[in-house]
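Structures incoming, each one as structure tokens.
You will see two complexes here that share subunit A, one where it goes with subunit B and one where it goes with subunit C.
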Partner chain A sequence: MSAEPRAEQRPQFRPVPKALKYIFGLGLGARAVLMSSHLAGWLQDRLELASPVTSWTRMTEGLSLLDHGISPYEGDMFHETPLVLMLLYCLSKIWGGLIPIFFLLVDLVTGCLVHEVGTNVCRHLLEKQGRHVKFYSTDSLSLLLTGKQLNSVPRLMLGAYLLNPLTIASCAAYSTTGLHSLVIAGALLAAVQGNRLLATLATAVASYQCVYPEIFIIPVAMYIAQLEQGGRFSFRDPDSRLSLLQTAGGHFAWLGFLWALSFLPFGSMDWLYSTRGFVMLAPDLTPNMGLFWYFFTEMFEHFRIFFLCVFQLNAVFYVIPLAVKLRDHPMFHLHLLVGLTAVFKSYPTFGDAALFLSLLPVWGHCFKYMRNLFLVVCMWLYSIVLAPVLWHLWIYYGSANANFFYAVTLAYATAQIFLLTDLLYAFLRREFHLRHGPAPKEGQGMPILMNLK
Partner chain B sequence: MAAHSGRNWAGLMFLCLLFVSVAASSNVEDQVGGFFKSGHTNNWAVLVCTSRFWFNYRHIANTLSVYRSVKRLGIPDSQIILMLADDMACNPRNPRPATVFNNANQHINVYGDNVEVDYRGYEVTVENFIRVLTGRLPPSTPRSKRLLTDDRSNVLVYMTGHGGEGFLKFQDAEEISNVELADAFQQMWQKNRYHEILFMIDTCQAVSMYHKFYSPNVIGIGSAQVGEDSLSHHVDPSIGVYIIDRYTYYLLEFLETVTPDSKKTLADLFRVCPKRVCVSTPGVRTDLFTRDPNTVLITDFFGSVRNVEITTETITLKRNVTAQSCSGSSCPGSRRGKRRKKLAYANQFPVEAAYEEEVTKPQWHFPMYFVAALSVFCITVVSAFRI
Partner chain C sequence: MGLLSDPKSRERFSRIAAKYNSPLCVLAYVVGVVWFLALAYKPFNHRTYFSENALLPGLVEGKFRTENVATRISQAMKDIKDVNKDGPMPVAWIVNQFRGLGLDTYTQEYIQTIPVPSARQSEEQGKEMFVQLNGTNVYAILRAPRTASTEAIVLSAPYKHYLNMDHNNHAFGLMIALASHFRKSSYWSKDIIFLLVDYDEIGMEAWLQEYHYTKSPLLKSSPLHGRSGSIQAAINLELHSDQVSHFNVKLEGLNGLLPNLDLVNLVVQLCGRERITVKLHQQRDPFPSEGWPAFQQNLKTMSLMMLHQATGMPNGLHGLFLRYHIEAVTLEGVLEPGRSSTGFYRMGRVLEGVFRSLNNLLERFHQSFFFYLLPASDRYVSIGMYMPPFGLILLVTALKAIALYISIGTPDPDPWDGAENVVIEHIQSRKTGDGQGDNTDSKRGVTKIRTQNYSDGDVWSLVPVVSCCQVAGFIASISPMVMTGLGHLFGTRPYQALITGATGMFFASLFMPKCITRNRLACTVNTLRLWKCAALVLQAIILAATAAANFSLGMLLAVTMVPVCAMVRPGKLRFLQAVLMLLVSPLGLLIIYTGLYLLLTETEYHGVVPSAMHLCTIVYYNILSGVIHGYVLGTWQYTLLALAVFPNWLFFWCIVFKKRDVPVVENKEEKKTS
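Then we have the complex of A and B:
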């Protein structure tokens, strides 16, 4: 895998298909239009698009503090990482107009990365199918993936990312969620390509930027170990253990490198408490689309640490049972983790969920086994529409209260959780049907009913 | 002999006239002295009835009795704040509408023909009462609802209703405590809103309401001691409820004998309702009052008596500096002129100084070692790609 020349590295340019051109044009055009309209200012303050970590208002505050020679991490205002701060400082000093161009570029590159993730994952799926087809039942021929089926997937993923109104709004709001999506997409791409050095670098950058991708290391390590073994891997095997350790070590080495790099501008590690510490301790309880704030506003200080541990554990714990169940499908595991972190992180925004939505087309072959799609779509639309409405009603009119807004947040989280569990169920069911045929019957000829336990 | 006696008589007459004229002139000086005895120039009254409902008829009657007396003795409606929590005169249960009597014999209609109620019904709240006293009313409040007193005003504050130890109940919903009342009076003192206050209260355990006073020039009169109940006087069978309280009944009886030129003093007022008629023991608090109550006229508080004497002589007035009326540079012992520093508000937002030096160039630059380390990192990443 690592020796295979990658098409995008060779200095030759493939002609871009017309569909992609349209998608790029439409996506970037919509973003540019929204950025230059009067809505941009309103979007920048929307809590659904800009969390205390990603908000552009705080970024400008940090940049101006830097202008005055004060470290932005001394106060409680600024929670982005130093390297991003440096980058935007450079850009803002060269020319102020570079900032919108920067965010457009970020979304463009993320779209390209998502497209490449699509191509690579589809190829990986076909290869895996080729290897495993001998275990499948003869009746399940209709369920097998074909190249033709997967042809349109990368385009769909690109479209799902660039034309998603959530990402368009997020880009126009100058929210650094776009950057977060960029590094996570980069991590996904590097992971699927299987080069340990690059994969660990990418996951390190992702977990440096947003804390939760630390857990990506587990499926990535398993995938790389699988590649090296040429098939199934088991924990008992010392070679695979060594491979896992090497991946983990590489990840932490790159992370340490990045941390050392961030230490240099201010000569202190204050930024670590402001970025990582902020995300993990969640001190800011202004309403957002997450699940933390409501609980912590009404909690006694005595129990705060306990519940903080519970909530953060909830965000990261699922990697372990999924690693056990999806031992043979680390790519799916990785994509599920993207969705899980988008729901359970301490300060989520719409952009995080939109990245997961754009990963869905690659698992389109599982959709026919999904049962809750209608409910999920309805809940999603309901929560996206009602969140700003009820927030306005609560904060400005005073006729609603926090419960209304939190109910919408809960509906939003439930929609995503239903989507994740349904996708998992559909995937596992498809695997089952692949092995046992599309309509398996038990001994006496009765059809088997499928349940997810 | 007769001529001698005639001359003697004339001389005697002349002497007598001289004596009389001298006496008269000294009388004028005395009367002038009498102008400045009391120190107030206007009178105000705040009369509060805090109970509503038909069975509290007597509280309305109490307040209206005092209102009647105060008006009769000269305080104009513009200087009376009358707060009645309920309307008895026009209550459908009143068998004699538009009248409120203090006596079963319908002796005096205390409602009268030109009553002017300033705060009525649900407007009688603790908040409104304290706002009236301290003057902290919204700008849209009409003049008739404001207590526009100054530092030369004598204020009569009369309150009646249901009370307990340290509190007075307003409208069955809230209470005013004696601490709040004392603080309200202190606010009035600090804002120079009164010269002297006569505080009268006719409730159960009334004296507890003036226990916490700490502002100067306040007299407190309560109808019952702590632990005693202030009782009502009698029932009017045709109305069906008690129509007046004992203390106020005898107070009204006493005030009916007071005329605007009466010389009756506060000492007489303190003797109004002895225990044998009132059953409860009235209480008095004079320790905060600087003048001797024996010398204070009733009309200093209950009436609005203006001393107008027309003389044809020129009288030299001496500056009468008393402890109450010392202000600013006229106070003995204050230095004039030099220490008179003009006071002004400090500049709250000294932004001019901060904006004088604009941030022309940024005060932070990329450290060299950071740039070096970043380039090393980039080279490592690119080489990792190549591998």
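Then we have the complex of A and C:
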């Protein structure tokens, strides 16, 4: 991080504060209004916003069990991590009014983190472009990023996070999804800053809290190794391997530390089964926006283990092909993983997808190569509107059935997968054009069609 | 994935979608509408059948013989009614009748607050500001001898119909007669609850809420002292006389819910066996069942059903059961003069058959259809049959949106607005007035380009427009109550204030295009294309979601709104477009469909002016009941119209009146040279 890009970044802060103020004011105002309205109770039970892991109803159950001196992990109700439980327990003991303030603050801090992620990733992109520009085709000058172009990106990201109706609703529902977004955003920020100690801690916290970010360590380790080794980085190089191992080791050391810390309040590791085991084994098949519940309710019990492995591998496996394909772009890889886990995790909510959406502006320069943006936007809107309607028809009126709702969750997942593959495609195609010019003579741009899905 | 990943087939698709857009849209719409109408024709729909085998209606042997009890009781009740004209329900007498049969009899009292300030009480004190209704429900439970009260069936009847103040004493007589008959049998495996409801819908709601422990802030009621198990099905009985010529079967429930088709089949089948004619919406099944007149008759029945369903208001007490996942229908016995009629004996046998079949049920109704339309009492159109034509109609919206999306950023082969394509000279001086910082360039050295703008649409301009429309919708959704509150202060009559609130925002927002004029929100042709594209996408979503919940409402909205909204474009023939848009506005649609309903049902025609007056009155009451039912019974039709359909319509309305601005391209090089 030289002084030069800093100087380039400095002026961008000057016009910002006014817009930032508006975004903060509007976002927090909307959250506060929604929290105090009578809709809050209804939102808390929305399965789209609160999964069994993040639901506030279950959190209150855990808190009251703790109050009675019973470990909430002995039962089958509570699946949030002990550190979060203890934090909220302390807050509720000090003053009950702190809870809404806490949730507001969490979203506020997440917004700031996302903003910082934007600033840092933009700087990283410019730096990288500076390093690589000599390899680019001379015709593709128009494709190069400029500081001005990236100026508004952090603000957009902040707006996309704080003003997104999904995060607003999810915050008003007191869903701990906000907390999950916070730790993931923290992991992204720490990763892009490139400090090994901090990055491993942040990924450890994220994976401690939401399990799936465990796979983040691969792009993070690659990124740090590339920072350290510079151009010499390769998977075969012993130094690079050492660096990768160091990062992974750091991650697991921090994770062990967090586990040890969680061991203290209850004196047992039961919580591990209730949190991590719950997410991995997916025993609760209450409908949610994910792909697990319908499949596993329909399935014969003796196939369960097999398909559990398949589904969980599906959620994490893409990290390997992406690591190969995006070897030189670990930041993009990391951001894609945020989106991938938001689709394929066992208990997804709208809040998870909203975090990924707020990361999109950083890759805004790839949008013009995206092909299905219109379709994705339409599908997304449809599924968000139709999901509560069909849920209501199924559960409350009993006139529709599970297939109606499942169709919507499928459309929702498909929309996200389209978005991810499209973004990947657009990114790779832009890289291709950077190297071969914006209008290569032969085979207008299809040779790098990815067979991801 | 071929279409999504293969650029060639993609290009071909988009070329076709753009080139043949209008013919494709017309084709889709026409085919959709014709297909849908054709569904009422016999070869295109199906004969109803029993899906639930446990019902076994064929095995029921009618043993009902106590019709003289029915006659006696209904006469006795009529005598009581004649003594105290409009008095309260004779609770003690009714309780005695049930107790006399040895049934567990209970009463339930309730107070319903209607959030409309009452004209009378407001003069006395501010405390009792709202209209309050109180009543007493009476219910009796016949305990099943064979099980432990885990399941129940309900036979309900309103004490009187508050619409026409007609007493329902015959239904009560038949109810008592059936109770005394059922009492003697030992085969009941489900409890039977006999329920007499005061103040029809509100009383029913009070009883159901208390039975299921759901609470509403406006309805206070005493707890139920006697209970049974989960209610499997309910039959609601309304009899206008002791001799009936036919049963009018009412299906449409709250928010467009329908009972399971098996229950409807059961009732129709058993009526057929007792040779009682069944009608839907007072429409007889056509005979012969094929041919043009039959098709007309079927179409009429189906349209009436759709119009009823679209209102979302229950047309009988059964409608409230449906919300609690209890299948229910209303049997309305009507005596049509000049037709052969039947008495309590046959009616009793029908109901006995229905209850004995329901008694056979092993699980809840789940088999047959919940989403259907009935063109005749024995023909049905299922969801799988009516959704494709609806999808075709929505395809118009989708195709239009896709074509617009493709056209964004390309030169316009067919300029939307030729006449407007004149540079407005003062645009730059106006533009500097709105205080945006980057307009310094536009003061001097501006190149105005008279040809089309090639730049992409401005996505951010959607934010203020959509949010303005949504705010207008939000105001419209809360304004009836706000206005009644305000009207209370100024001594306006509550219903007038309510109507003002409901329609005021609509009329006020007609001026919204004035507020998003050129100097506030400049628009290039591509931005306008983007606007319309977004408006179409929103419309498709709203219509699809509406149709999922209440198909008839979605369909009726789509049939009228889709073609007009797909056609509108800024500029050209603004007056004609405005008229068309007003016709498909929520208020316009209400008037159109109320008119259609009157056309289908009313036989007498009194001339243009009285008919128009009549129409206006009906529309007035429809709005009123839409709003009030939203508060009292929880129908969501008014909220949906105000919060979703109206803002979307307003968006289109703004597009019609939005003048396309000639793009001002700030050319800095030009500035340097100058």
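The working rule: the second predicted complex is superposed on the first by the 424 of 453 C-alpha atoms of A that agree within 3 Å, B and C clash if a C-alpha of one lies under 4 Å from a C-alpha of the other, contacts with A are read in each partner's own complex, and residues count from 1 in each chain.
Heads up, the rule we're going with is that contacts are C-beta pairs under 8 Å (C-beta built on N, C-alpha and C of every residue); 3 or more make two chains touch, one makes a residue touch a chain.
Predicted model only: the values in this text are computed from it and were never measured.
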If subunit A is used to align the two complexes, do subunit B and subunit C fit next to each other or clash? clash
Which chain, subunit B or subunit C, ends up touching more residues of subunit A in the combined arrangement? C
Tell me which partner A:F257 touches in the superposition: subunit B (first), subunit C (second), both or neither. first
Looking at the overlay, what does A:L201 touch: subunit B (first), subunit C (second), both, or neither? first
With both complexes overlaid on chain A, does A:L34 touch subunit B (first), subunit C (second), both or neither? neither
If you stack the two complexes on chain A, which partner ends up touching A:V389: first (subunit B), second (subunit C), both, or neither? second
State whether A:L143 touches subunit B only (first), subunit C only (second), both chains, or neither. neither
Identify the partner contact of A:M280: answer first if only subunit B is touched, second if only subunit C is, both if each is, neither if none is. neither
Which partner does A:D67 contact after superposing on A: first (subunit B), second (subunit C), both, neither? first
With the two complexes superposed on chain A, say which partner A:M86 touches: subunit B (first), subunit C (second), both, or neither. first
Quick one: from 4-12, 22-30 or 112-120, give me the piece of subunit B that collides with subunit C in the overlay. 112-120
List the residues of subunit A that touch subunit B in one complex and subunit C in the other. none
State the interface residues of subunit A toward subunit C in the complex, per the touch definition above. 371-372, 374-375, 377-378, 381-382, 385-386, 389-390, 392-393, 396-400, 404, 418, 446, 449
Touching residues on subunit B, where the partner in the complex is subunit A: 359, 362-364, 366-367, 369-370, 373-374, 377, 380-381, 384-385, 387
Partner subunit A, residues of subunit C touching it in the complex: 4-5, 7, 10, 257-258, 322-323, 325, 370-371, 401-402, 405, 537-538, 540-542, 544-545, 548-549
State the interface residues of subunit A toward subunit B in the complex, per the touch definition above. 9, 66-69, 86, 93, 195, 197-198, 201, 257-258, 260-261, 264-265, 267
